[in-house]
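To keep things simple, chains are lettered A, B, C and D as they appear, and every chain counts its residues starting from 1.
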């Protein structure tokens, strides 16, 4: 079985492991008040020269999301998010559990379009019986469907948020692949557009960890209090910081994402060439392919992938690459995809021949 | 500065680091559904032969506490805890943030006595205007003050809980030191007495991690759902499991605690011998000493410790040992404690001489 | 302006006012522990001979809904409701504020169909990444769109809930009109089908009040505790009880609903006859009519109604009757509706004539 | 049985009942957007000429408290309250259920003293491990023990709150009796001292209702949103407004309280004269008397009172007067108290005689 199940199936890149080993027996103050946490924040801040930010570290994604949202909102304020958003479909009601409603907006390839955001905002505000204030717009970049926001989209979303006094929050669990997908913007731009966002380490070369970046001055005070209350401060806080030092000191963050994207592109190109229907065209490290039952049966015994859903009688699967995926694994995958397609074509031919021969008999 | 600030100031024991390195590039399913998580649970279960348990892993302590308590309680049910309990004084209102009130019981050396528990239970139940049901008794072992529950106390607390239909939950963030403090009970006994408890890795040789042990069959279903909702499932879940494999496969869990306790005992014995008043007599790895201002001033420049509080004009400090503390560090500490005491004695004598001489002058 | 805005625009029927006056200076124990509360519960219980129930009283609807749902659910359990449900669109996130997610099901004339319920249940349960348990199905009867569940639908919904271990909860804010809409079931049937439901007094002749009926024995304990915690026990609890004594002692509950339904039917019949498009065909006291701008402009100056939404360029309005609506008011309304239609027809003719004449000129 | 159990045992004063009857069949918009609600707010505002306020109406006390506190606080902010406070002991964890911790301050006759408030604030702020911000100080006036804050105390509490950026909130469930207890301040002063407070109708002549007064401009926006979300807006909102029109239009609010206080004073004076120990000296309508078992047994069969607690072997009872209590009832009570005391004295004498006679026998 070759592993294409997800991008969090292996440990960490070597730079991080070396830092872990090297620092293992040094003594540190707890709860993120150590020198590594300071240094990690400085390195990340250096990538955001235009925007003085507060930077915190949280061990995992759902915990990061719920802490950020809890911090930003008053009880009557709600989140706007695409109906495919991670907080909507994969976080077990964590946002509702902290008391907030998520208004969903029909996604467009996993994204919220500026016009749909504006419409959703107005619909809530203009209905006097709703008594809820849209205050935070949650977007994932790259999205849960592997797509990436364009510069233009982000500028417009940011404008709308400013105009309507809403916070723009970016879930950057897969921000690395987004930034390396060929877009014309950088972390520095994101810091200008978003009020709060996180940079994901877990799915891009780290053992774990999200770096929370707060750019909006109104949101800076008391974040650590909410973090503590949410159980989101680690005793040995420097361990998360080490992930980000490892990822950003030598650009491993970008190299990992670039590597994963390139291999993913090979897979998508190959699938298209072989004639597989794509559920979604991706420019990042998640590839969504539609398999019929013959193809599915053939591939699931050779490749470890995630089932994303169904499409009529077919199955949508997700193939995920990561820093750890090798060219060799991708080559094997291509071969298997070809074989699966061949099997299917053969079966169709056989079926047709049977029909022809049975027709001839008549 | 010698480090006696806490027991979570360094990384992990070597057995865990080796596992991390060895497993780093293996591929695993996410969210704790991997083979290491299974194996870690099996090893821990093997320590609890009398009690078939469900075992889960959570990365840190407050997150573990809030997840366990959220899982156990209905909205109108409350926690009983000592007024010195971690959830009362050091978790930033995390329990209230998930909707539950904590009724505090005056501590006795950091512990809840059986009779005070019974009294607290009856007081709540008999007052018909309170409309709250005491359902979960939270105890820490060892306690926040370094003390340890006796077998007899735990048996009685467990009996009272069963009698009054309450869950007994043990916060085992420092369970290792408790078990190695000379008590006549083991993990297997704790599993029989408690409905749910956790075994702390963070403060006893691991990088992080609490192993949650659920023994009460009523509490087993759906724990993972609450865990997910609380942001308490790590993507690379095997990383927590590795901590517990490392700690329990070769008894490092016990060795670390034994080592820390022995060094702490030396410190406490030395302090007593030198004439320092003790804030609390400890049998584990946290030592609480009362320093006057001369001693405090002398020591704080040489030793990295935590200030616990004040006692009149004096300062209560906590000295903490861990798996990582060395005999050499303890020896230095003893020397410094002696010197601090000498300084004080000298200053008293000087003061007395001054008084004598000024009296003579008169 | 004639009042058709809602069914909670006036005080109460005379039977209740008489009880209020008569009992005003009697002395009672507080918090619903009085004789009137007992008697009101007995009268309601007498309508549910097949199902021994616990009956409580809560002053208003959102408070009743949030208390009932908080009482029924564990943190990871969610509500299934139509996307038109009151708790989804008109309660300001009250359910999320107590920590629970509401999964919405596309409505069919304001209702959940048995098949859509089954589908929604399976979709949640079969997706292993959701980590949420559907446990409570919320239906309104009559619905927010004036429609009513049939006996067959309720039997099937009840069956599905039992099969999948879910609670069926009916929001009976407008249960009176539902029961008097010609259905072949009674309160006694509803008690057999639902695990918990409420009977609305506010919108059917009372000053305020919902009678909460708990039929499922598992849900009976501790309801008052959740009620107290939610601020949902009134000091002078007998005041709510008086509403239900007044409504049920002489069948005013049924008479009020019958009266409102009959007048509503006249309005709907008249509107259809006049050629107005109906947004929804109702069998109860809420009528939804589509008005073009000429009709809208004409009517809004004569009738006090609620704007329900827009339909293309047209406006959907709701006309609501109640125990208090008079035949005279309905007669006026009919006249105005006729005039509004006449105006519109006239304007179309004028427009056509203009066109004809301008064509002739050419 | 004569009723001295509480001050919410009967309906309402006649002025309110007349308003209810008169307005019963008028038609109103819902949810407090009616003319009566506007007028009630205006009348109350006229009592607070120095402080432009937002005024809302909520049906009952716990609901008012939880709505106000939810509105004021961010997740990490906590309430400071006396350990005897209603929200601490009589509201079933309602404040914790909305996510906030209540730090208790040892009461001084039911009150928070300025110095104890300052100490409590500093204790929380200076401990860097607490991670909680004291933001709202909750006081009841009159207190749960019948005592009343002095002008000086309120001025100082208000100063401290301003100095430390905390909100001062007054629970005025029994504000009427406080204001008529002989204090040298008025509603207008309270509005200057408090950021938010409520004026209780339920316990002072109304059927129900708390008038919420928000004086701090920062707290004015969005209160109705939190109110709606908490289920704290009544459909027929004018009903609460009528209570306050009735109470304030002809000063019934003050007359009721004055009447209750005067009768209570008679009771307390009589009890003291008869030699009963007082649990607390009250200047309002709640009187706390200590009864031995003979007195208790005698009185409990003749008077309907509340048991407040125990004091050694004795029982502390609360006798409550209200707008509805009559001089005749108080006269009866005095007679019974005298008889109960006589019984006790007689029993002591008999006991002594027995002892004397048995001694003589020896």
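By our rule, contacts are C-beta pairs under 8 Å (C-beta built on N, C-alpha and C of every residue); 3 or more make two chains touch, one makes a residue touch a chain.
Everything numeric in this text was worked out from a predicted model, so none of it was measured.
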- Query: Does the subunit A and subunit B pair touch with the same residues on each side or with different residues, judged by whether over half of the numbers are shared?
  - Reply: same
- Would you identify the chain whose Cα-based centre sits farthest away from the centre of subunit D? A
- Query: Could you state the distance in Å from the CA-based centre of subunit A to that of subunit D?
  - Reply: 53
- Intercentroid distance (Cα basis), subunit D paired with subunit C, Å: 36
- Item | Residues of subunit C touching at least two other chains | 75-76, 92-93, 97-99, 131-132, 225, 228-229
- Given which chains touch which, is the overall layout a line, a ring, a star, complete, or other? complete
- Message: Applying the document's contact rule, which stretches of subunit D touch subunit B when the two form their complex?
- Response: 75-76, 78, 89-90, 92-93, 96-101, 129-132
- Task: Quick one: which bits of subunit B touch subunit A in the complex? Just the residue numbers, please.
- Result: 3, 5-6, 8-12, 17, 20-21, 23-30, 59-67, 91-94, 97, 202-203, 207-208, 225, 228-236, 239, 304, 324
- What does subunit D use to touch subunit A in their complex? 70-71, 74-76, 98-99, 131-133, 222, 224-226, 228-229
